[in-house]
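Below you'll find a set of structures to go through.
Each of the two complexes below includes chain A, the first together with chain B, the second together with chain C.
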Partner chain A sequence: MAIRRGRGVAAINYPTGMNLGGDPTQALVHSTPTGNFMVTLSSVDLGQGMKQIMAQICAETIGVPTDRVVVDTADTDTGPHCMGTFASRGTHRAGNAVIQAAREARQVMLEVAAEELEVNASDLETDGQGNILVKGAPQRSISIFDVALSAHFKRGRSISGRGMFLIPRSYPEKETGAMKPSTCYAHACTVAEVEVDDETGEVTVLTVKNVFEIGRALNPKMVEQQLVGGSWMGISHALYETTEPYYPNRDHGGTDFNQYLMPGPGDLAQTEIIVLERPSADGPYGAKGPGEMCANPQIPAVANAVFDAVGVRIDTLPITPERILRALKAQAGAPN
Partner chain B sequence: MELRKDYFADQRKDDLHEIGQPRPRSDSPGHVTGKTAYFADRNFPGMLHLKMVRSPHHHARISSIDISEAEKYPGVVKVLTAKDVPHNVYTILILIQIGPEDETVLADGKVRWKGEAVVAVLAETERAAQEAAAKVKVDYEVLPAVFDMEEALKPGAPIVNEYHGQNYYLYDSGECRKVRFGDVEAGFAGADHILEQTYQSSPIEHAPTETTGCIVAPEGNDRFTCYTNTQAMFFTLDNASIILQMPGNKLHFVGGTVGGGFGGKVDVIVEPIAILGAKLTGRPVSFIYSRAEEMQISSPRAAEKVVIKDGVMKDGRIVARKVTGYTDAGAYSRHSPYGAQKGAGHYPGPYTIPNVWIDTYCVYTNRTPSSAMRGFGVTIGDFALEVQMDKLARLIGMDPLEFRFINAYRDGDMKAHRQPTEGAALIECMQEASRAANWPVAEKFMAMSSYAKGA
Partner chain C sequence: MAKVPVQFTLNGAEKAEFIDSGTTLLHALRDKIGDTSPKGGCHQGTCGACSVIIDGELRLSCLTLAETCNGAAITTTSGLSKGGVLHPLQRAFLDAFATQCGFCTPGMIMAAKVLLDQTPNPSRDEVVEALSGNICRCTGYEPIIQAVLTAARSNSQNAA
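So, the complex of A and B:
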């Protein structure tokens, strides 16, 4: 009896957005009298940080610092339609809608600034710090604070914009299945290293090295939190979790966190995250949706590592100590 | 985390001000100091609590329901049964024309899974609602149940859901979603090796920190405000509008700060019945799942069975792949027909294979309905595909990582569902994994690119 070590690899891709499309999201953007910007949505922040990302996308597009943008979302009396936060669609769909709305608002803002500076709007640029400058003559400038005041109180303009993003729905061809499931795909490759105790069947995941290609890391710290969390969930799916431990038998289903097994802090592997960026053609600043796929490659990587360690295939999830021990006994020729 | 900017540098201008910056999240201070308000932090005077009477049987006919004792129980304000729900038989994807309506808000004549909602009790306190629920008398005639997908698909199996008439979802393509590409049998005939394997998963719970729930307050003007942790505001509002036969302008949904979703909060279960309770009592109503309900009543990730048959050559090329996927929907559709369809669009994985045959089935059994969960339709398929890839590599004596390089899709390659590959990056992910994990592969693989050949 011994502790045996193994490693496994898995590589995957994952579609961004609702399968087959047809999932709209809208956004509205307007400026306050002092040149702050409101983004109005009905999208839902599940804890992943959607509001922050929408603020950064709006800020980038209009050309102001992110802290000048406030996101008001998920009130059906004020926010325009969003299909929902699921299918790795939030950043991609709502982000595109926010860009379109913010571009329209920016155009009005530049037009008002152009009137104040007596130049053409096309000759203006933003400095990202809250000012609008004449291209090539940056000493001629006006603050966005003053532009907003002018728009509101002097020129009677609404610095605002409407945004809408919709991938037209694809209908699969009945006989061949010809269809367009998605417009862009994220990618990943994970290498997991495990130790398996061949006496108890227990698996310890030592390390997972995850490489994710996600289009563009709009906020690298937030990307990291989502990818690390997803990686932990993948390990949990591989080794611990089910509501029906003897599926399809309905007995022994857990009803609390004592019975429903998940890894605790001490069970988590040393986790490495590496991010590559190949911008997607239709993503907001190239972003794809990494929200779901980041929990997928760890499952087969761990399964393959278990095989590499002890030479038995567990093709049924979760890979419990019981299943490993039964497989080891069967391999040794002993009755189960 | 490490950002490797050297990959795809030619496809990207890194000239942005706000994008790409690790700005601190504006909502973090509220989250970590406990000041963020969630839906359940609202407390209205006179608020009622809703508890469900649930089926103790997997499959049974309801012969009678007696709510008289529950109605008299101290603190009880209202007891609801199927006849109180205006449009009791519904299905959520009807909003995107995926029917038929196949599920009841409150059971009517039959229960099809253990835990199904039968009677709703509204009382002054959670405890009174719970105790009164135990006083509801339901007489059942137990029916044979089916739990195994293979059994469910056999002729003569008990019919789980009469609204479908058979134990599988009927797509416009028939009993399954199909993808046909090339000639899979010819591919097998010409292969050096054939490997057919079966993979299985079990249902999985989302385990959010915050359980599913909502609080509904009558606004006094015939409108109702629903504070909810749904993942989809208008999707839930519009479904509630159908179920309650109430114009959408009478409904106001407020949400957007959620303690974890993972797909578990897109089923539209708690909101319609809570709004109905508020309408019929004129009082605010709270309906929040207990942890036990979250784990065994709310939809899990579907159990799946995936059968993969591959034809592979000694040089590492996969020449034919046939995948048959089965999604265990439980007793009702919810999002499972979509999940099985998504699987059909995902197989055969990120590999270029000339001959592909895919059938994905959505199967009904007498268990808790499954539904959306992070990656559903793909997650378990990837487990099956990537374990299969490992087995194939070992079968032909090849390094598992090198084997994947040989088959990896690249820009321009035609996929089985007849879309050309765009924006591929699998090869680069594997190259970086090779380096990071110190898993060396031959130089020719490190020199490969996802860009179209000759581009």
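So, the complex of A and C:
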């Protein structure tokens, strides 16, 4: 009986979004009379930071500071359609829709500015600080604040835009079954080191080293936060989480979330995160979906590390002490 | 049912309410008084989201009857900032990106505050121990642990 060490590695490709008969998200953007911009979505920010990212995307496209953008989300009664925040699709799908809507709004904004400055709209550019300038003659400029006032009260224009991003439904080819469920894949690789007590079956994850390739990180600190939390969740999936933990008698089983096991602050592996940015071809400013994929590679990596440590393949999650002990018994030739 | 009077200070301000007997402090704070910083996660004492400080001690407001708080001094996370300046713990949580959905955050900050009030320079293990009654589903805890350690350091620098 001993504590045995093992190391496992796993790599994954992970689709951004999914395709269940077409995968659309729509967005609307409009300016207020004072030249702030409002993004309307029915997508949900559940803490991953979608509002911040959509504000950045809208601001970048229109050419204003991020704090000039307000994002309203999560009302499916009033917002334009979104398939939902799942499958790591939020940034990619909603972001593309916001870019399209913001481009249309920007075009109207430049047209109004062109009328005010008596130049061609195509000769105008934004300075990112809330002003519109004549290219090559920046002394001729107008603030977006004044453009919005003019649009509302003088010119009768709506500085607004509609955005739509749709990955059309992909049908499998009859002959081969081949299909294209996703257009954009994120990638990750994890090396996990574990200790397995072959007497109790208990697994301790010592270290996890993760590399994530997520397209462009639109907000690097928030990406890092997502990946750190996700890596922890991956270990949680690998070793802890189940709604049906094994009990000889189901009456003793868990009945509520408070009996749903997850690693606590005292059970943390030493975690390392490395981000590789390879901008995606069809993502908003090159982004892919880092959401769910970041909790995946730890699972096979831990399973492989357990195999490396004690020589048994656990093919059911979570990898509980009980499953390890049964597998060790079976390996030794004893009846289960 | 007859209402019972209850009187305490909340973040230094006198509060007096008539409540139904049996009302939890969590319910009284959120729905009567309007301080929604304590969160109701499990309503049965297992998640820590509802944590508040009563007379210097960390308490679960979902398991505390409001009528037992007569004369008490209650602190919640919404009372920590002073004149628009965030408490060092709030600052550290922001800087460390120690909050995502934010549901656990007020409870975490309460637990951390009691720790730092009693142990200004805690070890990592002491921080882990202090936070172990609070569940977070988002962050993986490490950013929270780091935030508490950072706040402790900045407190001791300010004191020095």
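Assume the second predicted complex is superposed on the first by the 310 of 336 C-alpha atoms of A that agree within 3 Å, B and C clash if a C-alpha of one lies under 4 Å from a C-alpha of the other, contacts with A are read in each partner's own complex, and residues count from 1 in each chain.
Following the convention adopted for this analysis, a residue touches a chain if its C-beta (ideal position, glycine included) is under 8 Å from a C-beta of that chain, and two chains touch if they have at least 3 such contacts.
Owing to the predicted nature of the structure, the values given are computational and were not obtained by experimental measurement.
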(Q) Is A:Asn96 touching anything from chain B or chain C once the two structures are fitted on A? First, second, both or neither. (A) neither
(Q) Touch test for A:Gly266: chain B only (first), chain C only (second), both, or neither? (A) second
Q: Look at A:Asn131 in the shared chain and tell me whether it touches chain B only, chain C only, both, or neither; answer first, second, both or neither.
A: neither
Q: Please indicate which partner A:Met233 is in contact with in the superposed arrangement: first for chain B, second for chain C, both, or neither.
A: both
Q) What's your read, chain B or chain C touching more residues of chain A? A) B
Q: Please work out whether A:Asn258 is in contact with chain B alone, chain C alone, both, or neither, and reply first, second, both or neither.
A: second
Q: Check whether A:Ser160 is in contact with chain B, with chain C, with both or with neither, and answer first, second, both or neither.
A: neither
Q: Enumerate the residues of chain A that count as touching chain B in its complex and touching chain C in the other.
A: 46-47, 49, 221-222, 224, 228, 230, 233, 256-257, 262
Q. Residues of chain B touching chain A in their complex?
A. 1-5, 7-8, 11-12, 16-27, 31, 58, 96, 114, 147-149, 172-174, 177-181, 197-205, 207, 230-235, 237, 251-263, 265-266, 291-292, 295-296, 300, 303, 328, 338, 341-342, 344-346, 349-350, 358, 365, 367-368, 372, 374-375, 377-380, 382-387, 389-391, 400-401, 404, 408-409, 416-419, 422-426, 428-430, 432-433, 436-437, 439, 450
Q: Mind listing the chain C positions that touch chain A in their complex?
A: 42, 44, 46-47, 97, 100-103, 127-129, 131-132, 135, 137-145
Q. Which of the residues in chain A end up touching chain B in this complex?
A. 7-15, 19-20, 22, 42-47, 49, 51-52, 55-57, 59-60, 63, 65-67, 73-77, 79, 81-86, 128, 169, 172, 174-182, 184-185, 187-191, 209, 211-213, 216-224, 227-228, 230, 233, 237-238, 241-245, 247-250, 253-257, 260, 262, 272-281, 285-286, 291-293, 295-297, 299-301, 303-304, 307, 313, 315-318
Q) Within the complex, which stretch of chain A touches chain C? A) 46-49, 221-222, 224-226, 228-233, 256-258, 262, 264-266, 268, 271
